[in-house]
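There are two complexes below, and they share subunit A, which is joined by subunit B in the first and by subunit C in the second.
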Partner chain A sequence: MSVAAYSVGEASPRQKLLAGVLVVAYALVTMIPLVWIVLTGFKSPPASISYPPQVLFEPTLEGYVNLFTTRSRQTPEYIESLGPAETWYDALVRERNMVITGKSRFAGRYMNSVIIGFGSTFLAVFLGTLAAYAFSRFKVPLKDDLMFFILSTRMMPPVAVAIPIYLMYRELGLSDTHLGMILLYTAVNLSLSVWLLKGFVDEIPREYEEAAVVDGYTRFQAFVKVVLPQMRAGIAATAIFCLIFAWNEYAFALLLTSGTAQTAPPFIPIIIGEGGLDWPAVAAGTTLFLVPVVVFTVLLRKQLLRGITFGAVRR
Partner chain B sequence: MIKASLTSATKRFGETVAVDGVSLEVEDGEFVVLLGPTGAGKTTTLRLFAGLETPDKGRVTIAGSDVTRLGPAERDVAFVFQQYSLYPHLTVFENLAFPLKAPGRRVSAAQIRKRVEEIAELLRIAPKLKNRVTALSGGEMQRVSIGRALVREPNLFLMDEPLSSLDAKLREDLRLELKRIQRDLGATIVYVTHDQLEAMTLADRIGVLAEGRLVQIDTPRVVYERPANIYAAQRLGSPQINLVAPTALAVGEVPGGAAQVGVRPEDVVVAPREGTNGVANAPPKGVPGEILTVEHFGVETIALIDIGGRQVHALLGPRTTLTQGMPVAASVRPGAALYFDATGARL
Partner chain C sequence: MAQNAEQGLAVPGAGGLRGGLRRARGLSDRAITVLFIAPSVLLLLAINIFPLIWTVYLSFTNYRANQPGREIKWIGTRNYERLLGSEDVWGYLQATANFVVWTMLIQVLLGLGLALLINRNFRGAPFWTTIILIPMMLSPAVVGTFWTYLYQPQTGIFSYIINMFASVGPIDMIGSVHLAPWAIVIVDTWMWTPYIMLLCLAGLRSIPDYLYEAAEVDRANALQTFWYITLPRILPFLMLAVLFRGIENFKMFDMVVELTSGGPGSTTELASINLKREAFEKWRTGFASAFAVILFVTVFGLGNIYVKALNRVKQ
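On to the complex of A and B.
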C-alpha cells in the first residue's frame, strides 16, 4: 500500500457534523422509496391507494396474509355459519367477508428465487474462481483473446438475445426449469466473475504457492490452502454482485418461466386482489424479497469492504 | 560429500539467457553464496535447484540423485524467498508449522508443536507465535521466513536475498545469527545476495555470477585476492578496485598482454610530496597526484586522488595528516597489483 502524500488527521467536530448531515440526507433520499414500500406492506388495500397518500395509518398484516393465501368472497351469513375464527389471520380475512381457501404460490416462487439465485451464484463463483486461477497462472493459448471474448459476452444487453435463447430453451426442454435458469444466470454472471476474480488472483504473489510446493504440497493443495484463503474478500465481493444480478433479474424470468421455475420478480407485480392489483400484498412481497440480499450483504460486508477496492488496499 | 550440484545448467526465458551453462557443486554442510547484481541470474539458479524451473540443458543433483525432472515437492529442499514467503492469513505458529503439515510428511501434532517451539526459541520469536504475521516487524517476519525453512531438516537450504529488505543493523544481527545457526545445524545452504559484505562474512565459498554465467567460485579470500577477471574483482571490495592503464601507476614490471592494472585501495601507498613544516623530505617515490577528497570513517580514511586526470581511491590510516588539495606521490605496494588482459581475464 502506498502512503498518501497528505496526512490523514482526525476530522474536526464541525467537519464530522457536516459529513454526518450529508450522509443522513443522502440516505433519506435514497431510502424513501424503500421505506414507502415497507410501509405500504402494512396498509390495508383501501389505505394503500387512498389519495392523498396516507403517511400515518393504522398498520395491519392484511397485505402479508393476502400475499401468502388465496381467498374467496362469501356472504356474511355463510361466514357466520362457520363459527368463530380459529386463527388471527382467519379473523382478519373475515372482516372483509372473505375466507381463506388455500396457500398462494408466493412461497413456491420465493423458493425458486432462492434456488436459482444462490445456485447460479455458487456456480458462477465456483467456475469463475477456477477459470480465473487458470488464466492467471497457466500458459493458456490465446489467453488475451479468450479474456476479451469472455468480456465481450457482456457487450450487449442480454435481452438482445432473448428470442434465440427462448427458442433454444424450448428445443432443449430447458424452458421453465430450475436448471435452465441456473445455467442462464451462471452464463451471464460468469464473465463478470472471471474478470473480477482474475484481478484478485493476479494480486496474490506466485511465491506463496511456490513456497507451498517446495514444502511438499501439490499444486492443488497449495491452491486450496494458500490461494483460496487469500481470495476470500474477492470471492465475497464477486458473489454479492452475482447474487444481486440473478436475484433481481426480471426480463428472462418473465420470458422463460411461467410455472414450476418462475422466480419472484415476475410474480410479485401481478398479485391480484379484489378489483385489481393488491398493492399491500405486492409491497409485502417486495419487502420479503429484499431480505436475503440485505442479509447476505451484511454478513459479508467486512469482506466486501476489502474486496470492493479491487485489491487496491490489500495489505 | 557433494550435497547438491548443477552441471552445465542453462535456462532461457525467450531471448534472455537467465542461467548460462552454470556448473556448481555444493559440499555437505557448506555455505555457498552466489553474488551478483540484479538480473545476474541468481534467483533463477536457486529456482533450478528447487525445481521451480526446469533447465533447458544440464542436470541437477541433490543428495546424490539426479532430480532434473523431479518436481519441487520431491526434492526435499527449503526455499526462503526474497519476499512474500509468509502467509498473511495464518499466525506465526501456523506459518512455521505449514511445511511440517504437508501431506505425506506425517508429523504428529505433538511433534509439530515441539519442533515449531524449538525453532521459535532459536530465532527468538517464541513470544510472537500466536500473532498474525501481518502484525510483525520486518525483522521478525524475516526470522519467521527463515524459521519456516529451518523447521524441516531438508537436504538443502536455498535463500534468495533473505535479508535485503531489512535495515543495516537488523541485517547485521540476522547475518550473525544465520551463520551461527548454520554452523550449529551443519546445514548446507546456497544463499543469494547482491551485498558483498553478506557474501564475504557468510560464505565458505563465493560464486560470482555475471549475466547468467558463473565467473568464479572460491573462498572469499581467494576471490578477493586473486579474482578471475575484472568483473569478479569489482564485485568485492569497497571502494572498488582501482583500474588504470598499465603505465599510469608505477607498478614495476608489467607482464606482456596486460591491458589494465587493478590495484585495491589498500595497496595504494600515498605520501605527501612536500615535507611537513617546510622541512623537505627525501623525494617520495611514485607518480605525482593531488588529493581531491578525504573521507574519515573512524577506523579508516579513504582518499580520492587525482593522478594525471585519473581518479584513484586510496585507503589511508585513521590518523593520516593528508588533507584535501595536497600534492602527493602515489605508488603501489610491491606485488599487490593485478594484471588483466584485453578481455578482462586476469593474467
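On to the complex of A and C.
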C-alpha cells in the first residue's frame, strides 16, 4: 500500500501544482500564530504592543530574562549606587530602571511539568504494557467490556472528574502534591496506553513466544525476553503520546494544584508584568513550553494516526 | 472451566493462547492475566470509578466543599430539578451545542478538502503535512493564552491581517458579544482541522486502486467517482473523527477558559466552564455534581457510539 494506492495512475502535473500551492498556503497561514509567538518572545515589552505590529524589530532577550526573574523598579540614583552591572541580564534589566530581586517561579513550574510528565508516563506505560499483553494474549472474560471501561475513563469531562478527586485528595493529603498529580495523570493516560500497546502486541506473531516456551521458558520469561524487546518501538511511541498529554494537561492542574506541584500550563497565563500581562515573557514561556512538543510531533509523525485513534487506525 | 470464567478475571489455564500453547512452567496463564490486568483496573477503580460514585451520591445532597464541617443533607432529586428547570443551564448547553456543530462543520469541510489535496501526492507533501499537524499537539490552554494576544483589537496581528484585506477597523474578537463565539470556533478550527484531515487521509489511502479503475471503465465523471467511491469509503473514518472531536468539544474547557473565560457575559460559557464556576467558585458542590452526572451520562452514551465506530474502522 504505497504510492500506487493513492488514486488512478497519477494526478496530472497541473493538478499536482494546484494542490501543492493550496496546501502550502494553508500550512503557511497555520504557522503564522506560532511564528508570531516565537518572535514576540524576542521583543521588548513596548515593541510587543506597538501598532502596527512589528515584523522587523531589534531582538532582545528581555522577555526571557523577565520570564526567569522577579524585578523591582528603582530610582536611577539607587541603580547608579550599585556600581556597574555584573552580568548581561543585570544590564538589560537596569535599562528599564529595574533591579533583579530573585528567581521567578517559572523554572520550578517547568520542572514540575517534567517530573509529573515523566513520572506519570513511566507508570502508565509500565501498567499499560502488562495489561495490553494480557488482553492481547489471553482469554479475558468480558474483554470487550473491560476495554470499553478502560477507554470510557478517558472520555469523562475533566472538570466533572475533578470535583470528587478534589474532595478525595483533600482527605488523603494528596492535594497539590507531585504524587497526587502523577497518579491522576497515570489513570487518565492508562486508557491510551492500554489501547495503543494492545495494538502493538497484537502485531507480534505468537509463534515467537510459543517457540520460547517450547524451549523451556516460562510464560513470564517469554514475555520479558521475547515479547518486550519487540515492543520497544511501540512502547516508545506510546510513552511520547502519554508524555505529551501529561505535559499539555490543564484542567486538573488548574483545579488540583496551586503551588508546590503546579505545572506550567496554569502558570504561563498569569505571568504578570507592570500593567498587565508581560507578553514577551508569556511568549518566551510559551516557546520554551511548546518546543519539546513540536520536536516530538515531528519525530512521531508516522505514528500520529495510531496515537490519536487509540490504535484503531494504523496507517 | 466455565465456572471459573464467570468469577471475574480468572482465566482457565489450559485454554490460554489461542494457538494452543502447551502448559508452561512457572506462573499459569490465569495468574499472569490477573497480575497483569489487576493493577490497571484497580487504579482506574480508585481514581475514576470510586470518585464517580461519590459524585452521584453528592448530586443528591446540598454539600458545599468549602464548608466541610456542615451537615450533609439528602435533598433527593432537587438538584436535578433545579438544573433542568434553569434557563441559564440550557443556555450553556445551547452555547456548547453551537460550538460543537460549527467547529465540526467547518473542520470537516476544511479537513476533507485538505486531505483530498494532499492525496494528489505532490512533491513535498509529507513535509507540509507534518507542518499542518503541529497545532493539534499543542497544549490547548497555552494556545488559548497566546491567541488572546493575537486577538488584541488594537495591536493584535489577527485584526491587522484582516484589515490588510478589508479595512474594517480594530476587530475585538474576544470583547464582542457577536464575535466571541466565532473567536473560539476559529482557534479550535486552527488547532483541530489537522485531526479530521489525518483521518480522511487514512480513509483515502484505504481505497483500493481497482475501484477507481472500474469507475474509469464505467466512464464515471469526477463527481460521480467522489460520490459513489471516495465518500462511502472515507465516511467511517470521518465519522470516527467527528465523534471523537465532537465529544472532546462537548467537554471543551481549557482553551476557551484561557481565551474568553466564558465571556463576554455568558456568550462563550460552555458547559464545562460553567461547571467549574459552580463547583470551584460558587462551591455549590451538590448542584455541580448533578451537572457533572448529566455530562457523564451524555459523554458515556456518545462514547459507546464512538467505540462501535472505532471497532468498525479497525483493520
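General remarks:
Here is the rule we go by: the second predicted complex is superposed on the first by the 265 of 315 C-alpha atoms of A that agree within 3 Å, B and C clash if a C-alpha of one lies under 4 Å from a C-alpha of the other, contacts with A are read in each partner's own complex, and residues count from 1 in each chain.
The definition used in the following text is that a contact is a pair of C-beta atoms (placed from the backbone, for glycine too) under 8 Å apart; a residue touches a chain by one contact, two chains touch by 3 or more.
On a predicted model such as this, the values are computed, not experimentally measured, just so you know.
In the superposition on chain A, A:Tyr208 makes contact with subunit B only, not with subunit C. In the superposition on chain A, contact of A:Gln221 is made with both subunit B and subunit C.
After overlaying the two complexes on the shared chain, residue contacts for A:Pro229 are found with subunit B alone; subunit C is out of touch.
Touch criterion met: A:Leu255 reaches subunit C, while subunit B stays clear of it.
Shared-chain residue A:Gln15: touches subunit C; no touch with subunit B. Among subunit B and subunit C, the chain that touches a larger number of residues in subunit A is C. Applying the stated touch rule to the two superposed structures, the overlap between the subunit B and subunit C interfaces on subunit A comprises residues 207, 210, 213-214, 216-218, 221, 315.
Subunit B meets subunit A in the complex at residues 50-52, 71-73, 75-79, 81, 83-85, 87-89, 98-99, 102-105, 134, 148, 152. By the touch criterion stated above, subunit A contacts subunit B in their complex at residues 205, 207-208, 210-218, 221, 226, 229-230, 232, 315. Against subunit C, the residues of subunit A that register as touching in their complex are 1, 3-8, 10-11, 15-17, 19-20, 22-24, 26-27, 30-34, 36-37, 40, 49-53, 127-128, 130-131, 133-135, 137-141, 146, 148-153, 155-168, 170, 183-184, 186-187, 190, 194, 206-207, 209-210, 213-214, 216-223, 244, 247-251, 254-255, 265-266, 268-269, 277, 279, 282-283, 286, 289-290, 293-294, 296-298, 301, 304-305, 308-310, 312-315.
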